[in-house]
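The data blocks that follow each hold one structure.
Two complexes come next, and they have one chain in common, chain A, joined by chain B in the first and chain C in the second.
Moving on, here comes the complex of A and B:
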């Protein structure tokens, strides 16, 4: 494992160099918070950001993505034929992605890229990305990532892990893609022999700062129907107003809805984020809705993350503990409480 | 507010013990310092969980819609006005309810608290009219009046208009100089500035619908945004669809909105969408002398027809 030292004074210049080979995506201020956005010419990421309300999942799974276009104009030879929208060209580097968000992309990969099915739209977005992560030195009080198979310094899904060490970033090179990014940026200064220890020390400190935990060791051993029919749901989820805040903020929520939108004779087929919180989610064409009541929809969200996924993939929770849903829920429905309730049931 | 919470618990316990109600709807302590969680209490022994403080932002009337049981409900001024609206619009029956009124001195704005704390609020407490928060900026104590949600600063009814029990002494009503200075400021902009203002206002909207779902007025069995046969509004991120959603929702609320602020309190993106509903409230006051939810049995102005309508064009 090699470590590169990037003096902060050379950071901006390096990104400008990297821009020749990559479209850059990074955290930028937005109103009172931050968001991940494509960086315009001359725009640099704000690496001092604390958190973002939305995860960068849109990089591989945009909130609205045009898959096909078509024309209904019968005077045209290709009318009524769906034509795939070509993939955007070139490599992308996602700068400053947090370790839990990178892990989240790996969890969703199980859904979009598996032996039965390969989602071409998700995959073409994914494959062009280099993930240049930024470790979290000071986790928030709602960060419970260490309970969820990741953590503030976790490496899974990253090509490079940057660690803020004061006047420099220490870059831990994790893959060939990561090595290429650093070389395009001209970051080549070998970090000294003490780099590994410096990273380990910061990691230990950050992990120790996380006091928020969940337990799910007993969930896999319980039967689905026992949990599904458990008597606590209605009351535990009473306050939920069924907005989609948690589903949109969640880096692992992957449900989508496909729609045709036509204007005049031109049409597109678009894939949009869906949310299990809405009444329309899985509402059958017959009119029957298997999740008729509000609490049943919320149960779906938690059962999916905390039980169905656990059983299907044997890869832990479908949750990376980023804490966004906890922070943003208007009614203070807390996945940690729900998870512990399921585990103790 | 500790006394109020004790009184709420006492009333709730009595209501459940005497089987006057099946459930009590109120707030319990949240898992985050600045949050409370709407809760339903079925047993007298659980009434100890009920709390009351300036984090009880959501409008509990939202949880009444269509219920068939007998309900005790905690209601601050705006919740009570919405309960009147719910009764008028036949969403709940008066005799199903035991309303536990709470004279309200306003709710604390989450965003203002976090600015005060210098980021994440790690501790929150109230003593009298003082609020103390801790965070990266250390511990800060301020007067509650300085951290109120903006809607609470122009509230016209802090004491519940309708109640069966009261959990505290009435508080003094506010008399703001100009309730609608904010609306007038927007109205005075030229067209381009106004457009820019609303563009900026709605930027960042993810259409999570927390605003409509936190709103007690939004109880249509199928919201127009969810209607699929025919589909009225696109579901993507096209700005036209986003604007359509906010404009139409605001119109649906005209003459019915109590300015409880639940929409803004719920918005994860800090969008101040009350700019829309405030305009309709002002128009209803100016054109019809109408204040929502003040009197039982009176239907809202856009829901009625009068032959002596002052508008000359209609004759």
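Moving on, here comes the complex of A and C:
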């Protein structure tokens, strides 16, 4: 494993060089928080950011993505026949993605890239990305990532892990893609022999700062019906107003809708983020709705993350412990409480 | 080989439209692939469904009504109920649209071969059952005794009348047609709801007898106790579900019942499996 030292004084210049080979995406200020955005010419990521309301999942799974185009004009050849929208060209580097968000992309990959089907839109977005992660030195009070199979310095799904070491970033090179990014940016100064230890020390300190935890060791051993029929759901979810904030904020929520939109005779088929919190999500054309009540939709969301996914993939929870839903829920519903309640039931 | 982009429909032309029922709420659409290679790629089994894809309108998941033994076309019977189905009902022979699939699992023919089959179907859920019956008739020596109980509200609401008459005349399967009620003095079939008719005519339960049940929720609710009473084991009762869908390939997260996705792990489940699943359908 090689370590590269990037003096902060050379950081901006390096990113400018990297721009020749990559479209850059990174955290930028937005109101009282930050968001991940495509960086315009000259714009640089704010590497001192604390958190973002939304994860960078849109990089692989845009909020709205045109899949096909078509014409309804019968005088034209190929009318009413869908044409796949070509992939956007070029490589992208996602700078400052958090380790738990990178892990979340790996979890959602199990859905979009499986033995039966490959989602060409998701995969082409994913394949053009190089993930240049930024370790979290000071985790927030709602961060429970270490009990969700990831952590503030976790490396899964990253090509490079940057660690903020004061006057420099120490870059841990994890893949060939990561190596290429650093080379394009001209970051080539081998970090000294003490780099690995410096990273380990910061990692230990950050992990120790996370006191918030969930347990799910007993969930796999219970049946779906036991947990589904448990008596606590209505109490636990009483306050939920089905606003859907958690589903949009969640880096592992991937449900989507497909809609046709037409202007004149030009049409597109678009995929949009959707949310299991809405009644229409499952509403049959007959009027019947299998999840008629608000609390049933909230149960679905938690059961999907904490039980159905666990049973289907045997890869742990479909939750990376980023804490966004805990921070943003207007009804103060806390997935940690729900998870521990399921585990102890 | 199938289309590498599972969201991309095969272009098809509407070749024929049949109004199936007296209230005109059900029409059967016969599609022909614009590119003959796509028919090969669309190879399907009885019980599967597909997404009918109308540019500018959207997509709807519909059971395949034709049989894999019928070549050169694919047929779907569609109930006019929502945005896309209403638009489809206004379309004409010759119009171009799309077909995406086949999707989902099928009735477990690998297990059903050599067995006695009881089919219980009600209303317009009879579509994939038509596919199945036609397929079994074209492979008649591979199956034991076949009984079909099929009912609708009135004689004019029965689908596929020409097929029903032909199957009855052939005498290779036992047809038990019923309508809730009719004042037609010449009606020569059963009158009354499906469950009591099924109770009367169903073959005795055995390890070699399977029931395929497909119909409206009320029919299913009252047919299950009948099959229980007759001694059908829950792993010998096979059903096909519907849920709201979009992608049809297990990606969009919409149609799940517990950890199963109706579009990919289903739509066909045994009652035994359904007993272990939430009742979210």
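In this section, the second predicted complex is superposed on the first by the 345 of 345 C-alpha atoms of A that agree within 3 Å, B and C clash if a C-alpha of one lies under 4 Å from a C-alpha of the other, contacts with A are read in each partner's own complex, and residues count from 1 in each chain.
Here is the rule we go by: a contact is a pair of C-beta atoms (placed from the backbone, for glycine too) under 8 Å apart; a residue touches a chain by one contact, two chains touch by 3 or more.
This one's a predicted model, so the numbers in the text were calculated from it and none came from an experiment.
A.B. asks: Determine, for the superposed arrangement built on chain A, whether chain B and chain C clash or fit.
C.D. replies: By the criteria stated at the top, chain C and chain B fit after superposition, with no clash.
A.B. asks: Report, please, how wide the angle is at the C-alpha centre of chain A between chain B and chain C, in steps of 10 degrees.
C.D. replies: Reported to the nearest 10, the angle reads 90 degrees.
A.B. asks: Could you look at A:304 and tell me whether it touches chain B, chain C, both or neither (first, second, both, neither)?
C.D. replies: The second partner, chain C, only.
A.B. asks: Between chain B (first) and chain C (second), which, if any, makes contact with A:7: first, second, both or neither?
C.D. replies: neither
A.B. asks: Contact-wise, after the overlay, does A:257 reach chain B, chain C, both or neither (first, second, both, neither)?
C.D. replies: both
A.B. asks: After the superposition on A, what does A:88 contact: first (chain B), second (chain C), both or neither?
C.D. replies: A:88 sits against neither chain B nor chain C.
A.B. asks: Determine, under the contact definition given at the top, whether A:116 touches first (chain B), second (chain C), both, or neither.
C.D. replies: second
A.B. asks: For A:241, select first, second, both or neither according to whether it touches chain B, chain C, the two together, or no partner.
C.D. replies: It touches chain B, and chain C stays clear.
A.B. asks: Could you tell me if A:38 is touching chain B, chain C, both of them or neither one (first, second, both, neither)?
C.D. replies: Touch status of A:38: no partner.
A.B. asks: With the two complexes overlaid on chain A, what is the closest approach of chain B to chain C, counting only CA atoms, in Å?
C.D. replies: In the combined three-chain model, chain B comes within 6 Å of chain C at the C-alpha level.
A.B. asks: Name the residues of chain A shared by its contacts with chain B and its contacts with chain C.
C.D. replies: On chain A, the residues that contact chain B in one structure and chain C in the other are 257, 259, 283.
A.B. asks: Tell me, which parts of chain A touch chain C in their complex?
C.D. replies: For chain A paired with chain C, touching residues are 67-68, 70, 72, 79-82, 84, 111-112, 114, 116-121, 223-225, 228, 254-260, 262, 267, 269, 274, 276, 281-286, 288, 290-291, 296, 300, 303-304, 307-309, 311-312.
A.B. asks: Using the touch rule from the top, collect the residues of chain A that touch chain B in their complex.
C.D. replies: Contacts found on chain A: 30-33, 35, 50, 53-54, 63-64, 140-142, 235, 238-239, 241-245, 247-249, 257, 259, 261, 270, 272, 275, 278-280, 283, 326-328, 330-334, 336-337.
A.B. asks: Which residues of chain B touch chain A in the complex?
C.D. replies: 30-32, 35-40, 42, 58, 62-63, 111, 119-120, 122, 203-204, 206-214, 222-223, 226, 228, 231, 234-238, 265-270
A.B. asks: Flag every residue of chain C that touches chain A in the complex, lowest number first.
C.D. replies: Listed in rising order, the residues of chain C that touch chain A are 4-9, 11, 34, 53-59, 81-82, 85, 95-98, 217, 242-244, 246-247, 249-259, 264, 276-281.
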